[in-house]
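As written, the chains take the letters A, B and C, and residue 1 is the first residue of each chain.
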Amino acid sequence: MSDRVIEFREALREAMSQEMRRDEKVFLLGEEVAQYDGAYKVSRGMLEEFGPRRIIDTPISESGFAGMAIGAAMMGLRPIVEFMSWSFSLVAADPILNNAPKMLYMSGGQFGCPIVFRGNDGAGGQLGSTHSWCVEGMFSNVPGLKMAIPAFPDDAKGLLASAIRDDDPVFFLESERLLAMKGHVPEGDHYVPFGKALVRKPGTDVTIISFGRPVHFCLEAAEELEKEGISCEVIDGRTIRPLDLDTIVASVKKTNSCVVVDQSWSFGSPGSEVAAQVHAACFDDLDNHVMRVHSADVPTPYASNLEQEYLPNARRIAEAVRSALYVA
Amino acid sequence: MSITLTMPRLSDTMEQGTIIKWNIKEGDEVASGAVVADVETDKATMEMQVYDDGVVARILVDEGTQVPVGTAIALIAEEGEDPSSVDDAPAAAEPAPTEAPAAEAPVSAEPVTAAPETPAAPAAPPASTATGDGRRIKVSPVARRLAEEHRVDLAAIAGSGPGGRIIKRDILEHVERAASAGAVGGTVPVPLPSVEPGAIAVPVIREVPALESTEVEVSGMRQTIARRLVESKQTIPHYQVKMCFAMDAILDLRASMNEKLAAEGVKLSVNDFIVRASALAMAEHPMFNASWAGDRILVHNRVNIGVAVSLSEERGGGLVVATIRDANLKSLRMISAETKSLAGKARDRGLATEEMSDATFTISNLGMFGVDDFTAIINPPNSAILACGAAIEKPVVRDHQLAVGWEMAANLSLDHRVIDGAMAARYLATLKSMIEEPMRLLA
Amino acid sequence: MSAVTDTARASSGGRRPLADRTSATPDQLGHWLRQMLLIREFEVRTMQAYQDKKIGGFCHIYIGQEAVAVGCTAAVRPEDPIVTAYRDHGHALARGMAPKYCMAEMFGRIGGCAKGKGGSMHMFDKPNNLFGGHGIVGAQTPLGTGLGFATKYIDEVIEGGSNRHVTLCFLGDGALNQGAFYEAMNLAGLFDIPVIFVVENNGYSMGTSIDRGTTMANRIIAKGEGCGIAGHELEGMDVIDVYEGMKAIADGCRAESRPAMVDIRTYRFKGHSMSDPRKYRTREEEEHWETDDPITRLRDAMIEGGMIDEDGFKALNREIKGEVRESIKWAEASPEPDLSELYTDVYVERFGPYLGTSMPQIVTDAEENR
């Protein structure tokens, strides 16, 4: 473990810069990524190092620049597209869903799409309904794309570096609420493979699986439940596609109980998918049906107290765990 | 259309019945209201009557045979029907739906006089997901799998989950109880009764924050003690019978013997006398050297007296039962030597399994701690345990005179399935005579 | 302005001698005639196969517009990327795709250019730098900008030279009204991207005539001008006109590394798709355009110029018919994709149920022939 502690956003930047130094085909484009240093300062200083041909400010034109980047990727370049927020990607739905993930298939293997779309995802900053999307709910439905969602700075670097080197399109979901989080991050090359979940906290009574920021809520809940004598195993999925079912299943076979925590809405979501897969793979090992904790099934509210209640917070997770374990 | 007689439910808790005697034979005419059989229920022998007129076509269950309530036991041909044409496999011969094994209603633990039949533990059928009447048992998938692995009959378990769902915890607790029962005595080939279905729902306290409690890790021995004694206390219908013994004579004898044997390094304890007395008393009272075996009683020929030995706090505390094998054949000094040796070993480095197993009767003595009176929990599969307090000098009445004498309280805890109160009284009387005339113990 | 009233422009320039009109060699002209005949015959047989249920799904016929694909393709280099919309058989054949891969694709066979996974609307040909047929109206336009961005990035940033490529991005007049097209042009204008937005203006967005669907219908290049992109208008029924006009535009875009927008007036002789009863336009209008057939035009000009005679034309036609017949035979002989193909080409990486990717026969054959 590296002794060096840096912010989540710096870890992201380090991954991009290292890959850009390694491979000239890699470039970054998006709104305010160059002169403004990035709306959230993720790309700070990159314009100076790489120049305006590789750190490219785009107009507010998601459909246009996302599609443009996909065209470039078809030619073999490896664009990194920053969405200031994934909420804004919805106006680019056609290129990112209809083109990027399907190009390889539609062309019978002729044209792949090695591209990374990245940006802030999720509620929690009182941004209201339109700016608080958790796109994993909708977008993970689409085959052909990969989806990574780091919860810790070291994974932010390792997963993004892997994403940039990946030959398939990657949807990389960051949380604005985590960007300032500090953590140990290895210097130099650091690649976290896709499809390898990590047990963040071992436990024996219940398996809690989550992705991205809610992993922290799970750890918080686990700490609370520990005081009640409930031992939680918390799994950080790290990537939603590919999904590391093996790690989840191994854990559930041990604990016989499972709670899935997912910040997207419940209906047709990664959480429902994981629950379904766990039911299928662990049916004879379950002591209760898989419990799910999602964001509330309503548009994201603005008011702080409502928003906190809306999120799959530690209290709601703990309640689900108790319920899963038949503890009143 | 023939009429099917089924085993009637003749008591509120009856699940099985035995035909003690048929009052009819095939070909007999019967009339409504006639007593056709004597049936032994779980509580008594009852008369069974018929409600129809007809001719007995078939007797399906022989005398002495026990069958579940609802089982067809005889067929009656109705008027005008040829008895010889009555089919052997009547359609109505299904168990009564109300008499399913208890999967839902927990049976309260009041087994003293009417302990229900319970199957022997290893004979439990594989897990099924339906009760006898076909009602679906709700069970979580892992609980079902565990039940199959441990050959637990789901019908015998009351689920603690939502809607009575049997969950993992229910199976594990059941298995744990069964294991502690089955493991007792190590090599004693006694199939112990399994836990009465649903009888026990022990509230497990996880945490009481207001008490600022400190967690103490539980040793394996502590867990064994907890498991076995819970099992014993909850499954054996305990009762106690107490008697006080005059100890003057035995104390005198002991003092003089110890004086004479001091040179040989022998120092007899009061407990050595009690061990010998208890063992010798078995000749007259074999049921005190016996085990309840579910559907029968095993009377042991060998008399092995267990002696409870408390362990030092340094070794984590706890309690073991050291076995003095064939105590009825050993002299006082042999018993004394063996007890000392085993107790020492238990406290120093622990006993081997064979030194702790096969006890047929147990003695627990807290006299050395000044306790005057207490009761003990039976050490399964024993049928009784003797709890002895200290010999205490106190005012006593002897020959209608108030005097000062030594007395000791002896409390017997007994398994009512094996030993009734009067038997206990007689055993204590035998013991009393031996203790009060201790010369008999020297023979 | 309606498509009918503008027919005067459609037949302009047809009377001048060939030598005055083009620098193209007789071989080039013969090649274009051949390509247009191939497209025509291919599309006729496609219609037949569709009605025989050998082809499923949607099927959009290119008959009438042959001069656009052939002339535009001739005006650029083989290494210049091309991307188009769903009426794409003509572009594929003009770009050099052997008709058998195209037909097999529509038949849903493994020998298809996309292993039978794309269908009529999704013709891809990597060896010939055709980046698809795309099914969503206007969706290919940001991709076109991206292809131009990429060649420029490779030429200038990676290789450190100057821009050497130009991308052709075809669209129909129906795509003029899609937001993506505006964004694609804006970015191309903003970033000096060498991409030419070639509007194949056949006057109809499905059943909606252009003046019912877009503003500035009689001068659509104004839309490009709003993005700082130079606009050009060309007649699309004469392949020589198309070629000469496009050659100048493409050379300019390549040299200056700038985008352009070209409005090419053309007409589809058939319906929007195979299920179109064409109630929205008159027989009169159709007949008028059909008299201006691009194949007849070039044939007549070549006969007039002494480059081919009636017999030669008939022989060429027979040869083409044979070639298309062979392509159908080949396509029919090509097996259906193995069911395992369902799980190939989803991801490059193999994981879970996904079986990785491999190149289709159109690519492996090209590599063998290289």
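To be clear about the criterion, contacts are C-beta pairs under 8 Å (C-beta built on N, C-alpha and C of every residue); 3 or more make two chains touch, one makes a residue touch a chain.
Only a predicted model underlies this, so the values are computations on that prediction, with no experimental measurement involved.
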Central subunit by CA centre of mass proxy: A
Chain of greatest Cα-centre distance to subunit A: B
Chain pair that, of all pairs, has the most C-beta pairs in contact: A-C
CA centroid of subunit A to CA centroid of subunit B, Å: 60
Subunit A and subunit C: spacing of chain centres that average the CA atoms, whole Å: 40
Geometric centre distance via CA averages, subunit C-subunit B, whole Å: 93
List of subunit A residues in touch with subunit B within their complex: 227-229, 256, 283-288, 326
Touching residues (chain side subunit A, partner subunit C) in the complex: 24-25, 27, 53-54, 56, 58-59, 61, 63-77, 94-95, 98-99, 103-112, 114, 143-144, 146, 166-168, 195, 242
Partner subunit A, residues of subunit B touching it in the complex: 140-145, 160-162, 167-169, 206-207
Subunit C residues within the subunit A interface of the complex: 81, 83, 112-118, 122, 124-126, 131-132, 134, 136, 139, 141-151, 153-154, 156-158, 179-180, 182-184, 186-187, 190-191, 344-349, 351-352, 357-360, 362-363
